[in-house]
Every structure is written in C-alpha cells, then in structure tokens.
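Below are two complexes that have chain A in common, paired first with chain B and then with chain C.
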Partner chain A sequence: MGQISGSVVKRDHSTKFSGAAIYVGDYMESDILTGKILHSQKAHAKLIEVKVPELPAGYYYVDRRDVPGDNNVNIVKDDMPVFARETVEYIGEAIGMVCGPDESMVEHILSAIEVVYEDLPVVTDVLKSDTAFFDYTITKGDIDKAFKEADKVYEEVFETGFQDQTYLETQGMMAEPQAEGRVFLHGSLQCPYYVLNAVTRALGLPREKVHIAQDATGGGFGGKEDYPSILGCQVGVAAVATGHKVRCIFGRREDLEFTPKKHPSHNTYKVAVKDGRVTAMDVDVIFNGGAYTTLSAVVLQRGIICANGVYDVPNLHIRGRAIKTNTVPSGAYRGFGGPQTFVSVEMVMDHIARDLGIRPLEFKLKHLVKKGDSTSTSGKYHFDVPIVEMVEELDRICDYRKKREMYAKPQTGRYRRGIGLSMCFHGAGFTGSGERDFIKAVVRLKKSADGMVTILISNTDMGQGLRTIMPKIVAKELDLPLTQIIYEYPDTDFVPDSGPTVASRSTMVVGELLCQAAKRLRAEWQDGEEQMIEEHYKHPEFLIPFSLDDFKGDAYPTYSWLVNVIELEIDTYTGRPQVLGAYGCFDVGTPIDYNIVVGQMEGGFLQSIGYASMEYMTADKTGRIRNNSFSDYIIPTAMDVPNLKVILHTVEYPEGPYGAKGAGELPAVGAPGAYMEAVEQALESVDLHHIPFTAEDVLKSLEEAEKK
Partner chain B sequence: MSDAIRFTLNGEETLYNGNPADRLLDVLRETYKLTGVKCGCKEGECGACSVLMDGELINSCMVALGRCEGSNIVTIEGFSKTEHFQVIDKAYAAVSAVQCGYCIPGMVLATEALLVKTPHPTEEEIRTGLSGNLCRCTGYNAIVKAVQIAAKEGDGLW
Partner chain C sequence: MVNGYMPLSLKEALELRAAHELVPYGGGTDLMIEGEKDVCYLFVNKIAEMKKIVDDGQYLRIGASCTFTEVLDSPLVPQLMKEAVSRIAAPAIRNAGTMAGNIGNGSAKADSVLIEYVAGAKLRLVSVRGERVVPIEAFYKGRKELDLAKDELIVEILLPRTGLENYFYQKVGARNALAISRLSFAGVLHLEDGVIRDIAVAFGAVANTVLRFRDIEHMLIGKTIAEAKKERAAFIAAYDAAINPTRGRVSAEYRKAVCLNLLRAFLDDKGI
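Entry: the complex of A and B
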C-alpha cells in the first residue's frame, strides 16, 4: 500500500454528518408541485380508459399524450415507454402522473382516478414465457467430445431470487422549467448523461435546452443507473406540460415494489468430469428480465461470462437468455449478473467435490485459473491471480480448514455449525469494448488564475467516496493540498461526459484519465493563468479485441478478486442460521483511500450476505410483489452479522491510477457461495439449490431429512 | 391560540398551530425546514427520521404532533451545536463511517441516545443500540467503530 492509500477525512463528511447536505427531497421552495405516479394495478392488460375526476385549480394530470417528443425512454433498446401506451406490461407501470401543490390532495386525486383495463394473459414464470429479449451463446473447445469421454456427468439447476438495492434514500427526481425554454432536472442519480440523453429525446429538445445535475444521493448500488432516466422523463414531461417545477419522490413501498432490482435466475449446469477433473460445462442461464429490456442485455452478458467462475474449464457451452415476463423490469444491481452465476458455479463445484470425496477447497484450487490462462471468452488473464495467497491469508484469520474438518463430524444437538468458502472475480469496467466504442470518456481539469483546480467529470458520488478519491489523485499529481482541488456534484452544463458511474469503472478508468490530465497540467502549469486540460479515453493496447457477435476476446482488461468465508450456526428449532463470522479478502488493486475501500468492501459484503440469507422477495401469480415494506423485505441490521472482517490483498493494475482497479461491485458478488456451503455442511451435507436460503428453508430441509 | 401545541424544538420554545394529528417528521421538515431529519420509509422501520424526544430516540414518522405537547425535541440541527456532537463527529470522520449519508443524522442521534444510557458500551450493546437504524452502505462496522471511539474520546462527557 503506497502513500496515496492513507485515509483522509471524506470531503463530504461534514455536510452529510450535520444534516446540511441537500438531497432532492430537501428543496423547500413553496412553488414545487408534488408529482405522484398513477401505477398500473394489472400485470398485463389493455388500457381501455382512464377516468380522471374534475381537477381542482392548480392540479394536473399528465400521461403519454403530453409527451412532446418520443414516448420511449432511451436506455439500451428504448422499448420502455415514458407513460404506458395502449397496454400495461407490469404492476406498477406508470400510466400517468398527478401533480399539484398539496401532497395529500394529489394522493386523494390519484385514488379517485378509475382505470378501466381489459385483462391479457399474465406470464410470471420464465419457463413459460415465449419471449426471449436476448439470447447469447459462448463456446469454447469441443463440448461434445468432452461429454462423450466423461467418467461422470452431473446436472443440477440453481435458482436465485430478486434482490432490491434498498438504497436508504428512495428514487426522486425534480424538473424545473427555466428561461428560454430550457429544462433543468436534478435528483438522486448515478449517471447524469444517461438522464440527459433520455430526457432530451422524450421532450424533443436539443441538448443545449436541457441540463441535468446530481443532488446528494442516498445510495445507488445500480438502482439509480436506469430508473432516474425513466422518472426524469416523467417529471420532465410534467414540468413542461404544467409550466411548474415538479418533483416526484417515491414512497418506500412504491420503491420496493415498482423499481428495477436484481434479475432472478434459473441456471442449469451440466458438468463433465474425467479423472477427477472438470473437463466441460454446458450451462443454460435464464434471467427474468421483467416487462421491458432496460439493462438486461448488459447484465446478461456479464452474467454468462462469469458462468464458469474462477475455474479453468477447457470446453464450454454457455447459453444465456433474458426472458420477458409481466414483472417489474429487472435492472442493475452491484455485481451486474455475476452474483447469480457465481453462486451457481460455486455450488455445483462443491457438490461435485463432495460426490468425488474430495474437499471442496482442494477441488476448486485444482481448477483455479492462473495468469496466462484463457477466459470463458478465449481472452486472457493478463495479470496475477492471487486467490491461492488470499485463501491462506483468510485461513490464518479464521481457521477455515480446521473448522471445516471439525464441523464435518456428526452433529446432533439443537445447534449445528458449518463453514463455507467461495472465490470469485469481478471484471473491472465495461464489458468488451464498451469504453472505447460507446462511452469515450472525456475529463477536464480547470485551473483558475489563483491556482484552484476544478475536476470536471460527470461521475457521481452516491456514498462510495468519489468526491474524496478523485481529488486525492489530482492533488497528489499536482503536489497540491487537497483543499485546493474542487469537485462539485456534476451538472451537464459544466462537465464533459466522462461516462456513467457504473461497472466499477470510475476510479480505474476516469481516475486514471484525471491522473494523466493532472500530470499534463503540472508540466504546463503557469502561475496566474487560467488553464484547461482535457484527456480522452485510450483503450489499453494489450487487449485481445472483444466481439459481442461470438463472445470472443478480452471481456475485461483486468479482474478484481475475492475469497469469502462464512461460518454459521443453525438453530434446528427455529431454523435460524446465525452468521458467526464473515471473512472477506478482497483484491481491488491499490486502495486510493484505505478507509473508503474497506467501507465499500464491508457494505457490499453485508449486502451479499443479505442476498444469500434473508432478502426474500417474490412476485405472485398475478405479478404482484408483496414484500414491499421493511417488515416484509428484511435487510441486515447492525445485529445480524456482528463479526464481519475484511482484509485487502493488492495486485496492482498497471493501467489504473497507482495500480487501482475496479472496487465497488466486487464485494457484492461472493458471499452466497460461501453461505450455502456453510448451510449445507451444518445440515449434514445435503445438496441445496436456491438462494436466498432462509430460516423457513432450513426448517423445510430438516423436515425432509427426517422423512428420509 | 390556546389550541396550539407547545414544545421545545432545538432549545427554542415553539408553538405549533396546525393539526395535532400531523406527523412530527413532516412538520419538522416542512414547517420548520429541518431537512436533516430524513425520511426512509414513513413506517417506523428504518430510523432515518430519528430525533430525540426528552432524550429518548424516537422515529419522528410515527409520532403525531399532539404527543409532543410539553416535550423537548432535538433534531440533528440542534444537536450539532453540542459538545457531544463534536466528539461523535470526529469519531465518525476518523473511520470514514459516512457513505451516502442518508442514515447518518439518525445514526448520530442513536449514538447520542446510546451513550447517554451507556457511556461505555460493549460492542454488543452498540449493535443493539443501533439496530433500529438501517444503513445500507457501510455494513455497520465503521459506525460501530466510530461509537467506540466516541465513547473513549468523550470519556466523562456522557
């Protein structure tokens, strides 16, 4: 760890700590109209009529007829309407919006609106849907030959559920009409330029007529990657239609029920084993995409690329489909497709190892990829794979191996223990050539005559620490005190498009560009002068070109790595699995700020444990999600995992600033594999096949065991 | 005017003339512009709206104004003027315990309420004391550590 890693007080600490930071809900002007969405109550229906009662003066109803531009939200495929067309496709879809000065009056009007529907068939089961939004295949080697020559073939299905991002600040956006027909939008968001592209299109306005700014943002975790574009278009349309400022902030129930979450998945693994080694995997990955495509294409791509985990499997056939159903569109959640396939491959490897009578850890390490090996997409692991060292470091702090032996002995009491270990990577940055072909990041540094340096980028801090990280990089290169570097919440009127704040790319890609810009500024520095330095993204030269047509090449320039261990105790009376210890070793390259990186790892790790264990959410046959409050959708409190330990391991990435690589998502990828291995051990080596695995599931499993 | 609800808000005598059924959270934010009090659920489940009422930590979304008659309400804005705040502030800053910040005003007041009752809490007592306040960002470790530091540095203050 170099000098850069020493922690400083976060630059936004004081405003947030004292409650002075302004989130979108905190603007208190009296001329803001409250907007509330008229949500569809049907998962699939024709919209026959919307009967709006006579509105009091100053109150408005807007819907698709008020959209001045294109009634499609620009995301990836642009199939999601701003306001519903002739049909609604999921419960919660926005039909229209009621706006007015008094919130309770707006609510009253909403409840008085009568929507006449004509029911259409509802599909909630991915296996019964006949529409695949996306269908991709990865192939490598000769799968048929491998299966023909196999000693043994295993086939198992794994299922994963929804997970909601559950940022503590719900979705919220505000639009303000400005002079000369301009429209200003601001709110809780990750990607100002995504919102700009969507809103200009929906409003039919040229770019210079719209600008987007970020307010203090109460968490994102992927959930504010696409949805602010949708909500932004809706409040934008309402502001233009009414001529007033319009703000829409979701209630918690609305947010839990109607905004995108992690794709549920159904993954079939067929695995060929010869001479004690996995020789082939034939994997069928099915993601529930929900009613519209939104981000499913890119989530699925990442998901299938991870389907063979961190293992060198010479022969692969991976098919991935994102299926349309009449549930809320699934979207981005920290990890972006990886958590679903990683837990599946970790479990199948465990099960095979146990069947072969080999310790799972030994079996996994035997298959571990190493530097120079080829990836699932026939690209290359260009850098060191530190998993072996990380396993040893973790074993030293938690005694994994010893406990694994100990808990393998028959346990008969009320409380039974287990311990499990998982290993994963997260490919840093956009998949494939996205950075080069679509994002084309631009950063600027502006120096004023008095020597203050302003960072001009569109990346956002939603808690992950960018407002501290980026100034640290620039200050170090310029050899200036941190206080001389300014980095405000971005406004698209003032900052270039340095890309979205997603894909664990900000520090690695944008931070590196800032580092380059700062180097140049230092070389060209002129006292007393105003100066502007601009840097453009350059694709690393060592990469094997990636093609989405056949999924061949380097999907990622480098990888971040993790090893997780979960130790738990099951109460066989209540079914409750109590996590006794959660130990994570993470390699995200050089930490730009030690505290910030550890905080990211701890927070992500706990989310990942929640995903595996308690965060249960499902849609019923009518397409309704009933786990829509904090009493039905349980996220971890301070008491749930009291003993969570994080250590860092550093393999520097030469193309990232000071050796940093992707950090944000990695910790949210790995816990389920370890958790499930621990549960299986505590339940005496049953094979389990789904997450979350809750107390009820434990009881069911115990009951079944008793019957046998 | 005799119908007005009388209470102390951040040290000031206050008369509220609105409906006694109004939600304390809404009144604090909208009438008194105390926007450091956050709303995460409005159902008493997340703690983002925590304030101190006669020294006890309460969820302001679950309290009607009528219940505040004669009470002493302290929000983060009022608390930020105290010596206790300074100590807790420094402790949170030292371990970078603030991420998105949305849970933080509530956490700070939960920290205060805890330290008033238990000036030298064990880790378990800290975790129990904070368990009504959800944080999705930090995984709680840094916050727990911050409370431990505050308890140590502020020895004798609570």
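Entry: the complex of A and C
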C-alpha cells in the first residue's frame, strides 16, 4: 500500500455528523406539496375505475393521463409505466399520486379513493410463470461428452430469497417547475443521468429543459440505481401537472414492500465428475424478475457469468432466465446477481467434496482458476488470482483448517459448532462492453484563476466515500492539498455524464479518468488562468472483445477476490445460530483510502451474513410482502457478529488509479457459502439447499435428522 | 405537535387522569411508533413516587416509571429480572422505556412481564377513588386487555423479596439486539431440604398473554427431586397438551417445539 492509501477524514464527515447535510427531506419551504402514491392493492388486476373524491382546493390527483410524454420509465427495456396502464401487475404499483400542502390531508384523500379492480390470475412462483423476460445461454467445451464420460453426476437445486437494501434513508425525490418551462429534480439517488434520461422522456422535454441533482444520500446499495428514475418521473409528472414543487418520500413500510430488492433465485446444478475432478456443469439459473424488466437483464447476465464460481470447469452449459411474476420488480442490490449463483456453486462444490470424501477446501483449490485460464465466457483471467495466498492469510488469523477438523468430530451437546469457507470474485465494472458502447464516460477538471480545482463528474457519494476518494486522486496527481480540490454533489447542468455510480466502477474507471485528467492539468498548468480539462473513456486494449449474443469474450477487465470464513455455534434447542467469528480477506486492488475500504468490506460482509442467515422476506400467494417493517424483516446488528475481522490483500490492476479495482460490491457477494458450510458442519454434514437458513429451518433439519 | 400533561406528583397525575381522556406515557418507546396525532398524553416519567425501587420488608417495590436502565442499575432487583430486562431492545430504548410501559402495552412478548408472571408479582393500581393490589395474572385478561380502570395508573410492581434465585431463563429473538421475543421462557425452583416447595414456569410470546399453568406446577410441589424425576415425562406431557401457540412471525410448530425444549433444559438444569 502506497501513500495514497493513508486514511483522511471523510469529506462529508462533519456535515453528516453535525446534521448540517441536506437530504431531500430537509427542504423546509412552505410551497412544497407532499406527494403520496396510490399503490395497487392487487398483484394482478384490470383497473376498472379509480373513484377520486372531490378534492379540496390546492389538492391534486395525477395519474397516467397527466403524463405529457411517454408513460414508460427509461431503464433498460422501458416496459415499466410511470403510472399504471389498464392493468396493475404487482402490489404496490403506482396507480396515481395525491399531492397537496398538508400531509395528513393527502393521506386522508388517499384512503378515501376507491379503486375498482377486476382480478386477474396472480403468479408468484417462478416455476409456474410462462413469461421469461430474458433467456441467455453460455456454452463452453463439450458438455454432452463430459456427462457421457462422467464417473458420477450430481444434481441439486438451490434457492435464495429476497434481500432488501435497507439503506438508512428511504427513497425520496422532489421536482420543481422552474422558469422557461424547465424542471428541476433532486433527491436521494445514485445515477443523475439515468434519472435525466427517464424524466426527459416521461415529460416529453428536451435535454436542456430538465436537470437533475443529487442531495445528500443516506445509502443506496443498488436500491437507488433504478428506483429514483421511477419516482423521479412520478414527481416530475406531478410537478408539471400541478405547477408546484412536489416531494415524495417513502415511509419505511412502503419502501420495504414496494421498492426493488435482490432477485430471488432457483438454481439447478448438474455436475459431472471424473477421476475426482469436476469436468462439466450444466446450470439452470432462474431469477424472479418481478412484474417488469427494470434491471433484470443486466443482473441476470452477471449472475450467470459467475455460475461456475472461481473454478476452472472446462465444459459448461449455463442457461439463465429472468421470469415475470406478480411481485415487486427485482432490481440491483450490491453484488448484482453474483451472490445467488456464488452461494449455489459453493454449496454444490462442498456437497460433492464431502461425497467424494475430500476436504471441501482441498477440493475447491484443486479446481481454482489461475492467471491465463479461460473464464466461463471463454475470456481470460489476465491477472494473478490471489485466492491461494488469501486462504493462507486467513487461515493464520482464524485457524480455519484446525477448527474444521475439530468440529468434524461428533458433537452431542446443546450447542454445536461449525466453520465454513467460501471463495468468490466480483467482476469489476460493467459487464461486457457496456463502458465502451453505452456509458462512454466523460470527466472534467475545472481550474479557476485562484488555483482551486473542481471535479466535474456525475458520480455520487451515497456514504461509500467517493467525495473523499476522487479528490485524493486529483490532489495527489496535482500535488495540491486536499482542501484545494472541490467535489460537490452533482447537478447535470454542470457535470458531464461520467456514468452511473454502480457496478463497482467509479474508482476504477472514473477515478482513472480523473487521474489522467489531473496529469494533463499538471502538465498544462498556468497560474492565474481558468482551465478546463476533459477526458474520455478508453477501452483497455488487452481485452478480448465481448459479445452479448453468444456470451463470449472478456466479461470484465479484471476481478476483485475474496475469501470468507464463518465460524458459528448452533443452539439445538432453539435453532438460533451465533456467529463466533467472521473473517474476510479481500482483494480490491490498491485501497485509495484504507479506512473507507475496510469500512466498505465490513459493512458488505455483514449484509452478506444477513442474507445467509436472518433476512427472510417473501411474497405470499396473493403477491403481498408482509415482512415490511424492521421488526419483521430482520437485518443483523453489530451484536450479531461482534467478532468481524477484515484484512486486505492487494493485487494491483494496472489500468486502475494506483492499481485500484472494483471495491463496493465484492464484500456483499461471498459470505453465504461460508455460512452454509459452517451450518452444515454444525448439523453433522447434512446437505442444505436454501438461504436464508433461519432458526426455524435449523430445528426442522434436526427433526428430519432424528427421524432418519 | 404533542399534547399532554407533565405532573410532578402522583396526586396531580391521578387528578388529571380522572378529569381527562389521557394516555399514560412512560418512556414512549411503544407510543412513538404508533405516532397517533389525536391523543393527549399523561407524562408519568417525572413523578417521584413512581421512580423508586425500595424493599419494604414484605415486597421489593419497583416504581412503575423506573426505566429499564434504572432497574439494571439497582442493587435490589433480582438477577432474573435483570437478565430479562437486559435483553430488551438496545441501550437507547432501555434508557427511556419503563417497567409500567412494558406492562401497559399489553403484549405477551414483554420481557419483564414474563418474570412478573413467574415471580407471582402484584401490581399496585391507584386512582383518585383509592387503590388496589392485583396479581399480574389477573391483570392480563387477554391480548391488549388489561384490568385497569380509565382513571387508574400502575404505580408500583410488587415482587416477592426472595424465591427467584434458582432460575432458568431464555429469550429467543430473531437477533441479539433490538429483537422482539419470538418466544421466552422462565423457570424458577425453590427447594427446602431437598423438597420442592415451589416451582414456577412461564412462557412468553406464545399466546395472547404470558402463560403460566399453576395446576401443572402442582404436580411437582412437595416432591423430592427423585420423586419429581419420576413425574418428569408426565409434567412435560402436561405442558405439551396445555400450550397451543399462536402462529406469528414464526410457525406455531416452531414455538411449541422450542417451548418444550426449553422446559426440558430447565428440568435438566435443576436435576429433575
């Protein structure tokens, strides 16, 4: 770790600590109307009539008839309406919005509206739906031959559930009509230009008539990648229709129930083994996409590319489908499809190893990819794969191997222990050629006459530290104090489109562009002059071109890596697990700020443990999610994983700033494999097949074992 | 905007309670969540008579407005009560939430109420009309149904001074902090010269009120440990028949299984 990694006080530390930071809920003007969404109470129905009572003066009801432009939200495939069309497709879908000055009156009006529905069949089970939004296939080698020649074939199904991002600040957007027919939107968001594209389209306005700014944002974790576009269109339509500022902020229940979550999955693994080695995998990945496509295409792409894990499997057939159901559209959550397939492949590898009588770690390392090997999409691992060293580093701090042997002995008491290990990667940046073909990032550095340098990018800080990271890079290259670098919350009127803040791309891609821009500015620096430097994305030349048509080529330029170990103790009387230790080794390249990266790793790791263990959320047969409060949707506290240790391992990426690569998502990808391996060991080597694995599941498993 | 009265004496509080339609407000940790706008509160957390913890020679009297933190800090409060109270929510909530609030909320999941059941605690209820002392089991008439007149306040909790030393307690929540009980168990055994003088078993969060079955407990009272051991199977079977858990955040089957597991663990722990 070089000088760049030394930690500084986060840029937003004092404003957030003192309460001075302005979130969208903090604007106090008296002329802001409160907007509340009329949510569908039916998961699938024809909308016959919306009976709106007579409205008091100053109160408004808007719906699809008020959309001046296209009533479709621009995300990937634009099939989600701003306000419901003739049908509603999930519980919570926005039918309309009530706006007015007094919140309780708005709520009163909302409750007085009568919606007449005509029921249509509700589908909540992916296996019973006949609509696949997306259907992709990856092939490699000769799968038929491998299965024909196999000594043994394993087939198992793994299921994963919803997971909600549970950012501290719920979704919130505000729209303001401005002079000359302009519309200004701001709020809690990750991707200002995504919102701009969606809102201009819904309002039927040219680019220059709309601008989007980010307010201080209390967490995103992917949840504010697409939803602010949807909510932005809704408040935008309301502001234009009423001629007033309109702000809509979700309550926690509304947010938990009606905004995008991680895709639940149903993954079938058929694995061929010959001479003690996995020779082929035939994988069928099914993601519950929910009612509209939103981000499912890209989440699914990443999910299936990871389906063989970190293992070199010469013959592959991976089919991935995102299925339509009448549940809330699934979306982005830190990890973006990876957690679902990684837990599945880690578990199937465990089960096969145990069946073959080999230690899972030994079995996995035997299959580990290395530099130069080909990826699932016949691309290449261009750089070192540090997993072996990371395993050793982790083993030194937590005694994995020793404890694994110890807990393998028969345990008879009330409390039983287990330890598990998982290994994963996260492909850094957009999948395939997205950066080159769609994003085409542009960054600017503006130097004023007094020597202050302003970073002009559309990337957002939502707590993850970008407002600190980016100035550190620019300050270092310009050899200026950090205080001389300005980086404000972006407004699309002033910043170029440097792309969205997603896909663990910002530091690696945008940070590198800023680094290049700063180098040029330094070379061209003229005291007392105003200067503007602009840099454009350049696709790394070493990449094997990626084709989405046949899933061939380099899906990612490089990979971040992790090894996780979970040690736990299960109370066989109550089924409750207690995590005794969570140990993570992470390679995100050079950390641009050590404290920020360690904080990111700890937080993501805890989310990942929550995903495996307690974050249970499900839609019932009517399509309703009932786990819509923090007493029903359980996320872990620090008390649940008091002993959580993170270490960093660094393999530098030459195309990232100072060797940095993707960091944000990695820690949220890997814990479930380790967690479940530990649970399986504590339950005496039973094969398990789903997460979250709750206390109730533990007792059921024990009961079944007793019956056998 | 919150409307309410903040009396500084019990007398004043009772007069206000009798004269107006008021919702007693201790720490507000339950009421704030409900956030009702059209109610008027009677803030009872500044009343000195309701903030004391004293041993009067007959009972340990815990003032109704004592916060959970104050209970934890008191040298007089028995360890069993402290164990249960220490598992309520998180420090910030324990600093605000009160003993009477835990009772008055009317939930079978209330962690301190389980201990009041197993201790056979009584509540001192006072109004301008006078006062009465009611056993906790009689006070809870059903889910959210309390034997509390509109002009009455819970002023004190009366715990027996001894008898809670030999206990077995477990809270089962969905996580280790900020967790509503999915099930809770407390068992107390009082032995004299090898004979069971008293045994009490209570289950929280499985039905509309905390459950305690005195008739089942009587199966073991007056027996030696050796005699009790012979009754063990019948004793467990009696609870198996008596407990019919409600389905909630977890299934009824899970609740039942864990109730019986913890009952067995209690008996194991006490050598029965």
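Criterion: the second predicted complex is superposed on the first by the 708 of 708 C-alpha atoms of A that agree within 3 Å, B and C clash if a C-alpha of one lies under 4 Å from a C-alpha of the other, contacts with A are read in each partner's own complex, and residues count from 1 in each chain.
Following the convention adopted for this analysis, a residue touches a chain if its C-beta (ideal position, glycine included) is under 8 Å from a C-beta of that chain, and two chains touch if they have at least 3 such contacts.
The shown structure was predicted, so the numbers you read here are calculated from the model rather than taken from an experiment.
Please work out whether A:414 is in contact with chain B alone, chain C alone, both, or neither, and reply first, second, both or neither.
second
After lining up the shared chain so the two structures overlap, which partner does A:696 touch, if you call chain B first and chain C second: first, second, both or neither?
After superposition on chain A, A:696 lies in contact with chain C alone.
Of the two partner chains, chain B (first) and chain C (second), which one does A:639 touch, if any: first, second, both, or neither?
After superposition on chain A, A:639 lies in contact with both partners, chain B and chain C.
On the A-aligned overlay, A:631 touches which partner chain: chain B = first, chain C = second, or both, or neither?
both
Of the partners chain B and chain C, which touch A:380 in the superposed model: first, second, both, neither?
Neither partner.
Touching A:576 in the superposition: chain B (first), chain C (second), both, neither?
So A:576 only meets chain C here.
Once the shared chain is lined up, is A:26 touching chain B (first), chain C (second), both, or neither of them?
In the superposition, A:26 touches chain B alone.
A:607 in the overlay: touching chain B, chain C, both, or neither? Say first, second, both or neither.
Only chain B; A:607 stays clear of chain C.
After superposition on the shared chain, which partner residues are touched by A:13: those of chain B (first), chain C (second), both, or neither?
First partner only, chain B.
Of all the chain A residues, which ones make contact with chain B and with chain C?
630-631, 637-639.
Which residues of chain A touch chain C in the complex?
These residues of chain A touch chain C: 104, 414, 573-576, 578, 614, 630-632, 634, 636-640, 695-696, 699, 703.
Contact residues on chain C for chain A in the complex?
Residue positions touching the partner: 37, 90, 170, 172, 174-180, 183, 249-251, 254, 257-258, 261-262, 264-265.
Flag every residue of chain A that touches chain B in the complex, lowest number first.
Listed in rising order, the residues of chain A that touch chain B are 7, 9-10, 12-23, 25-26, 28, 165-170, 216-219, 221, 251-252, 462-465, 593, 595-596, 598-599, 602-607, 629-631, 635, 637-639, 641-642, 644, 646.
Touching chain A in the complex: which residues of chain B?
29-30, 33-43, 45-46, 48, 75-77, 80, 89, 92-105, 108, 123-124, 126-128, 130-144
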